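Next come two complexes built around subunit A: one with subunit B, the other with subunit C.
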Partner chain A sequence: MCKMLLIGVLCLFVQHFRGRKNRCYSLAVRAVRRAFVYASKARKAKRRNMRTLWISRIAAATREHGMKYPALVHNLLKCSVQLNRRVLCDLSITEPRSFHALTALARARQQEGLRAALGDGTEPPGVFSRITQLQ
Partner chain B sequence: MAMTLNKGNLTGILRVFQTAGTCLTQSTPARCLVPTLACRQNSSSVTNPASFVPHTSLSRPPWPELPAFDPEDQEKKHGAVVQKVNGLIQSGEYGRLFAVVQFAGRQWKVTNEDLILIENHIDVECGAGIRLEKVLLVGGNDFTLIGKPLLGGDLVRVQATVIEKTESWPMVHMRFWKRHRFQKKKIIIQPQTVLRINTIDILPRLT
Partner chain C sequence: MSSFSRSAQQWATFARSWLLIDARLQPPGKIATMCAVRLQGKHKPIYHPLSDIGDHVVVMNTRHIAFSGNKWEQKVYSSHTGYPGGFKQLTAAQMHKKDPTAIIKLAVYGMLPKNLTRRTMMQRLHIFPDDVIPEDILKNLTEELPQPRKIPRKLSEYTQEERDAFPLLWNP
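The block that comes next holds the complex of A and B.
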């Protein structure tokens, strides 16, 4: 009786398999075990794959606006804008103007940082640099 | 004109140079070709300005040239933008608003009449209203408000109701190592809640 129930439960999982795996008990048990293991591993891998997909989409969208993905992310973090990659990807697809605004914000912060680092454009006194300034 | 230097072509080359008016020896036709052509080109060349420096690895700094920056001009532009956005908000010409909301450890891009499935249990009864407070971004037709990192509660209001509280389908978590007699099977049923986003409001007060 219990064995019949188990076989019945197994049959639910096995109906779309190919060959004797969907008819013969021993083969079906092994196939279902592999299917469960693959599903468990794939649920973990899905999160990683989705993140790489989001990152590549955001990179493509930022390059359309003349910037690069690391620059965008770093400068948005410096502006304390804590949008995650999933939402940035959605915005780049469905809200192009908002994404353009975000890239403009990141570019402004990048240029502000570069200006602050350059300072006056002069070398400290007594320092000889390889960078030759146009006289 | 690309011609190979062999006996058959040599006489042809010599005839060309003689017509150009220069006297040549048979051994060096190629060397004398260059000064004639160079002289011809320089007579009609463009003169470069005195400040021109040819592009080498040290002629420019390795960082990109930044555009000219005027702080007062920037302030004026920012003020104009803020005024325009304030006007749009006051007159209510923003159409359908969307918001990015942080809830249950995830960020959701949300509009009116949206359904959200959350993979955990919330201690709220079905049919009760919820206000989602952590709003990161709000956008309309012509403007977006970006929070650093959050927008204030007196600026945006996102209201939702809990529609149903269910459980997910039974997911099988299985681990198996072959030839080691190791297998573990666990059935995971996650509690789920479904939220319906009712309204997103912008309150007309921006500084």
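The block that comes next holds the complex of A and C.
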């Protein structure tokens, strides 16, 4: 009786397989074990793949605004803007104006040294340049 | 994914645009990278390798491409016909004389990802040796991309006043 339950449970996983793997018990057991192994490895690889996808999307969006991805990330980090790549990617797709504001912030932080050396000491317009302390 | 928001989609997000690049006096490798990026769709924030969101790219004036250095004589394109004694080697100059579009085509082919979508992307690349482009492609063009290399002026294009005003470093 227990064996029949196990076979029933196996059938649930094997419906979409090709060939005798979806009909014959011995072949199905082996195929299902391989499938479970691939699924476990893929759960780890999914996190890596999602991150590379986010990075390429953010890079595309920053290049639209005239900057490069490493410059954006490094300067946002220096400004202590702790947005992760997932959020940055979503902003770049659905909130283009906010993303443009972030690139402007990163560009201002990037050019801070040059502005201090060559400019006239005024703060860049339209950028929060001091972290305000809550009282 | 839990962070999908239900904001409205922008107009024509997934449209396939037609881009034009003028390759006159430009390095073919830089032209090829620009083409490859846009054929794959990597210039769009909605990029995904499976979504087929690349654009069409039209390259014109490939007859007037400009390799830097001595690459016209030194760069060798090799191929093998499969038959014994069929190893062929052509310099870039010979290849260009035989087919003015081949250099850009091979460069872009090598820069695209080596998977089954590469052939469809190559079909979306249109290369013309001169600036004669067919009517139906001309009607589709939406944007011209800026050239990667700034073309330096020839000595004959400088006026006599500019030549005199140029600072003299030493007297020969």
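One rule holds for everything that comes next: the second predicted complex is superposed on the first by the 113 of 135 C-alpha atoms of A that agree within 3 Å, B and C clash if a C-alpha of one lies under 4 Å from a C-alpha of the other, contacts with A are read in each partner's own complex, and residues count from 1 in each chain.
Everything that follows uses one rule, which is that contacts are C-beta pairs under 8 Å (C-beta built on N, C-alpha and C of every residue); 3 or more make two chains touch, one makes a residue touch a chain.
Keep in mind that this is a model prediction, so the values were computed, not measured.
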Exercise for review: Examine A:R86 and indicate which partner it touches, taking first as subunit B and second as subunit C; both and neither are also allowed.
Suggested key: both
Exercise for review: State whether A:A106 touches subunit B only (first), subunit C only (second), both chains, or neither.
Suggested key: neither
Exercise for review: Considering only the touch criterion stated at the top, classify A:M67 as touching first (subunit B), second (subunit C), both, or neither.
Suggested key: neither
**Study point:** Partner chain in contact with A:L53 - subunit B first, subunit C second, else both or neither
**Key:** second
Practice item. Specify the partner with more touching residues on subunit A, choosing between subunit B and subunit C. Key: B
Check your understanding: Can you list the residues of subunit A that meet both subunit B and subunit C?
Key -> 86-87, 90, 94-95
Check your understanding: Along subunit A, where are the residues that touch subunit B in the complex?
Key -> 33-34, 36-37, 39-40, 43, 79-84, 86-87, 90-91, 94-95, 97-98, 101-102, 105, 111, 114-115, 118, 130-132, 134
Point to revise | Interface residues, subunit C side, partner subunit A - complex | key: 3, 5, 7, 10, 42-48
Exercise for review: Please name which positions on subunit A make contact with subunit C in the complex.
Suggested key: 53, 56-61, 63-64, 86-87, 89-90, 92-96
Point to revise | Residues on subunit B engaged by subunit A in the complex (per definition of touch) | key: 51, 53, 58-59, 61-63, 66-67, 69, 98, 100, 107-109, 136-137, 139, 144, 146-149, 171-176, 183, 185
